[in-house]
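We call the chains A, B, C and D, going by the order they appear; numbering starts again at 1 in every chain.
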């Protein structure tokens, strides 16, 4: 049987992949997707522990997280759009007008 | 008490008013068929009415004692209203009112003003709600509700590369932080099986899965550290504050920070009381480390800036460090009411003085006088009233008794000493002395240096001036009237611990 | 409510002057400053305080107590009142302020209304420092003084005014923070036995044996010592005491003369006043246990300060360093713990206030005419400005401790108090060493006078040397009159000073 | 009943009033304020004489005048008046000479059209006030206060001609050197107050009396530094002596006095010859009861005095300027007084103080007259032959010179002889140290005779050597009158204490002794209390008198030796200089002359100490202060800003860096707190 520990390991792995993506990708969209991975890692935990504890709050919260992730993406895409318009690309390392 | 007649949901009135105002603003905008023909005066007026009525509700409830003896629980304990909620609501509403007035002039030339104001009010709603959350679920939602509009607001000047860059960085760091925060919540849920603060506290079992709970707590600290612009989650702050439209910088650095701290106060006093989690993680030490790092980094980095707004941004990080003392000093021998109350008081006073300071920068931008210290040279001869106000803000921020910042900062340091952390107060003192140096650079530029070139100032914007003067008057008046604020703040803090 | 009225009149006056046109600001400020001056003289005549305001049995005069802030078990109050130590300092402040304002008429020729408003603001802060009996209230005044001072130096000062102003600003601010931490640690160490931050309550609580508990890992004795030295360091900067003194010469040299007058005349006394009130009244046992260390500070300040003064070429720098030297005497008097030691130290604060104010002012009058303060740039001024030079000579001799001028009474009282001190081991040696300052002070002042005032007339700067106007000289005469009056009749103040310091000697806690 | 003593304060206060009048109204008054001073001093003189007469009637006065500082539970400081025979005598001397100097100044200053006269008369009046108040001071602190004030007046008056470089430099030196001495005086005063709780000179509550009781074991006092009573009293006495040595220009603090001659000559006469310089000696006499308790202190006084007498006289031998000779002679003569005090000759010291005040004031005023005549040229080699041109000055000056040289029967002979005699008999009486003092004093007698008459002959005799000497400027009555008065006094003042005559003839002639012995026993300042058979001198100082040749024999032989030496010196001067065109015979002394002309390089080492030790030390301190102490302050600021600059660079502007740093920090926090929390 698949225990809660397995889910924990899975979520940790997904979270780590997300972090790895953030650390290595310069493309804003990929950055955004990595964040989504991290949020979904949290969702895995929430759902798994919800089952483990037998209460629903984890699952409900997971739904909220998904909704918020969608909202976040919406805002993020908007910002990425103006980024492209102002800097001619979506490389997050380009805008450095305010270093120091 | 007349209040008792009201239904319990009415306790949420401040947040509801703000949310409703946001919707009303949308409505007004959609009534006008042509884009950008809505009267700015109307938008500002509605916004101001909304902000002031929210402020009115908060103050009324504070005076009437709503939820202050026993917290009012709503929605099955997902939300609550107590003194802390109301104090935060007061801070947010006050800052919001100032920002709304100032925005009247600041964004006068910009399109999409109704959206601007609506987003502002949505963010304010989220911040106000952050004071009412009683569960990690609502905490996360309120946090996102305050953050998401903020990202958009920061990049509001969408043809301004600085604004867009600031928005991008704020958003990316914010997204990362909220992911960390959410993951932390999931781990805490995993360790305790609950999302509600009280239930988490009672379910903490130091023997079982200490690692999961510990990692979760550290990650949650990361989430609030982002919101409060504390080291090491502060990286967005200098750039976001610098690039954002200045009223938004003021709003985020004052109100958003306050909301983040109130959330942190509530989480760490209610969900993770130190007695319960001490076996897992000594978060006192964690916050001591963060406080030192934040105070030192914020103030030292601020000392050598050339850009006034960026200096204020770093100083805002530094002030986050001071307020972190309130958490770091919740030691067993501390007087917890005093420690937390001092943090709240500093946030309150900071709301006015920091907003005022940013708005003065906004005024300078309005006049196109430039952004560096040198550009401000001799400005006092052209704008004496605003310069006096700016001087009050800066010296009050530095902890000189021209404003209430003196009292709040020293009460905070005193509380740290009272908690036995004299060394923390000493580091704060060094940072504070350094802050006097860089704040006075602005004062020096304003009053002492000769202007390098003629200023071309042809109008004195009423809105900005009003906001600045009101902020200055409140900053000064809070010095003699500190007792009124401190009574509420300490009582509110006392209810938490 | 007299004190409140006094403070309000100054603050209101500052507001009025700030809005007045520049042309009239000086005269207006002088007129307004007469209100607190007359008021303080009335306070003096109506003074009915008993003993020391901080100690049991003490009844400050003109006392008002109003609750101000409640801080989780600690009440902060608007608590003001005067005792025999503060009345003379209040009078010193009001007289010097008026004199400084009048002396500013000549040199200050831009942004006058701002200048005089700030001077009045400064006066309000200074009066508050000497009147406040609640710690936080006192601390508000203590810190607020920095603000006008910063502007006064930085706007109207000399070429390096910005450097000097910021140095003064930050240095003294750091010191305040150190002091604050030390004091607050003490308050928390007292635990529940105090419910206000009233200085009398805390002082009296500290005298109770066993009042102080374990705090922050420090036992009562260690806590006291730590608090004592934190406060000592904090106040030492303000005094200033070697080696915390380097802001002073810079500030003095760059500050415009009327500001130097107040800086040397009153601001430095804040430091010694606080030392007396806090360190030496609240924690006499620590002071006594470390008497030799403190006496070494005193002697080094006296001798080293005087030696530095000897090396200077700028008249203002000379006076600035000699102030350091003179403040060393105050410290020596304090640590003696005798009536004449404590009383003489207090008297020296007042006396030095007048004398150093006079000295700076007279240097300023010369500067107004010659536009230089360098010893090498001028000689034989006595030929051209005899009255000013006459007052210069009188002031210099006052500084040297000439009998029948206040400096002599103050110094002799300190020496008479310090020599037989039973608290300070080797008191006669320390006293004798410090007394050698009176020789060096004569050395540098006479040398400077010989080079600048006497000999054939010459002036390196190209200015037509005129006689100083009457309003330049009048304040000099007034201050000189004060110096002589106090020198001939020290009991004008010394009686009430003794009333106030004697209870300090009855405190327990010997070595 | 109103008596003389009720007016005693006015003795000093009248000149103080004159000070105010001259200072503020001098420019509007005839004679520029001189008349105010003269009027005041006439008043002071009359009151002093009245007081003297009252004292002669057996009354004395010791009263508090003014509580300077009323101590609570601690000692109070008073100003009070003590009029006993000693102070009454001194009051008369001071007010008399001051009056004469004021009159003389009319000629010396007004007639020469000096500017700044109101200032001059104001300062002179202030001096008179201070000096008179010093004289009648009833306690040590008051004495110190006025001791300082006369120092101030001396400073101001030496520097009267401030437009020239010399006087202001000399004034500074005078004040500084005496201040150095006063430092010790003040330490001593403070020590005495700390020890006895009082500084009173006379009465049962006085410190000499308490010290005496303490040594006798009848009373205990607190001593300091772990010293015994005798040793501590010696320390105190020596400390006070520092002030005496400075003010009375004793070796090694004598260097200021010759320089002080830069001041106007009447000032030299009043302050730097007759009165202020006497203050030191007077102070020792005033508290003689205290010094008698310490043989060590007495020995030091005697040796300093004897050495100074000889040392200064030797320098006077070669000086070329009139006032310089007189200055060194003044130092030398005060050395005699100190010798007398150290040698147990209290009466002799006061006697010499009195006669010296008269004849030295006379000589200075005479010199002043000559200087007027010579158009302010002081070099004796430019004079000559003035005898016939200015007879009044000449004869008065001669009278003074004879007194100075100690030629029978002029006043100086009697007093100086008594000084030497007293030292001699006590030296033989078991204090051989005094014999060394005596020997030096005796040798100085010969020197004195020589330089005095060298001065007289060079100035007045021979042929005029310059045009000015050919045709001197005339002087008026206001110069001649004081000269005449003092000239007569110099000749006859010796009668007040003809001790040798009394010893030889048995007729009672020691009036001064009787006078000083009149002080009431309660004061403890009478002569018999000091030197009587059961006096302090025997009980504590251990002095006894011995007459190796019998009393009369010793008196006569001693007098003969000193007179002989004086005459020998004078005779040598006559041989060498009483010729129409004298030459610089002192050149024959060779390098010794160079040494003497350079004052044994005493000035040099003191200047070296001030300029080449103290000043460089202060500059080193300044450098240290600027570089090290202030350097630390500035370095703190620089380091902070540097650190700020570094911290600022963490913010690179690259959002990927931020993400990395956030992640790394989070990992670090997790690792550290995980380790601390034991999660692993």
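In this text, a residue touches a chain if its C-beta (ideal position, glycine included) is under 8 Å from a C-beta of that chain, and two chains touch if they have at least 3 such contacts.
In this text the structure is predicted, and so the values were computed from the model without any measurement.
Visitor: Report the chain whose CA-based centre is farthest from the CA-based centre of chain A.
Guide: D
Visitor: Given the two chain pairs A-D and A-B, which is bridged by the higher number of C-beta pairs in contact?
Guide: A-B
Visitor: Looking at mean CA positions, which chain is nearest the middle of everything shown?
Guide: C
Visitor: How many Å are there between the centre of chain A and the centre of chain D, using C-alpha atoms for each centre?
Guide: The separation of the two C-alpha centroids amounts to 97 Å.
Visitor: Which whole number of Å gives the spacing of the CA centres of chain A and chain B?
Guide: Taking the average C-alpha coordinate of chain A and of chain B, the gap between them is 26 Å.
Visitor: How big is the gap, in whole Å, between where the Cα atoms of chain B centre and where those of chain D centre?
Guide: Distance between chain centres, rounded to whole Å: 77 Å.
Visitor: How many Å are there between the centre of chain A and the centre of chain C, using C-alpha atoms for each centre?
Guide: Centre-to-centre distance between chain A and chain C: 63 Å.
Visitor: At least two other chains touched by the same residue of chain B: list those residues.
Guide: Within chain B, residues 168-169, 172, 176, 180, 238-239, 434, 437 contact more than one other chain.
Visitor: Could you tell me which residues belong to chain D and also touch two or more other chains?
Guide: 637, 648, 651, 653, 655, 659
Visitor: Which residue numbers or ranges of chain C touch two or more of the other chains?
Guide: Expected reply: 170.
Visitor: Going by the touch definition at the top, which pairs of chains touch each other?
Guide: After working through each pair, the chains in contact turn out to be A-B, A-D, B-C, B-D, C-D.
Visitor: Help me check something: in the complex, which residues belonging to chain D touch chain B?
Guide: Its residues touching chain B are 637, 640-641, 643-645, 647-648, 650-651, 653, 655, 658-659, 661-662, 665-666, 669-670, 673-674, 676-680.
Visitor: State the interface residues of chain C toward chain B in the complex, per the touch definition above.
Guide: Spelled out, the residues of chain C in touch with chain B are 67-74, 76, 136, 139-141, 143-144, 146-147, 150-151, 154-155, 161-162, 165-166, 169-170, 173-174, 177-178, 180-181, 184-185, 187-188, 215-217.
Visitor: What part of chain A is in contact with chain B in the complex they form?
Guide: Result: residues 4, 8, 11, 15, 18, 22, 28, 31-32, 35, 38-39, 41-46, 48-50, 52-53, 55, 57-58, 60-61, 64-65, 68, 71-72, 75-76, 78-80, 82-83, 85-87, 92, 95-98 of chain A touch chain B.
Visitor: State the interface residues of chain A toward chain D in the complex, per the touch definition above.
Guide: Contact set of chain A toward chain D: 19, 22-23, 26, 92-93, 95-100.
Visitor: Give every residue of chain B touching chain C within the complex, in rising order.
Guide: Spelled out, the residues of chain B in touch with chain C are 333, 335, 337-338, 341, 395, 398-402, 406-407, 410-411, 413-414, 417-418, 420-422, 425-426, 429-430, 432-434, 436-437, 440, 443-444, 447-448, 479-480, 482-483, 486-487, 490, 494.
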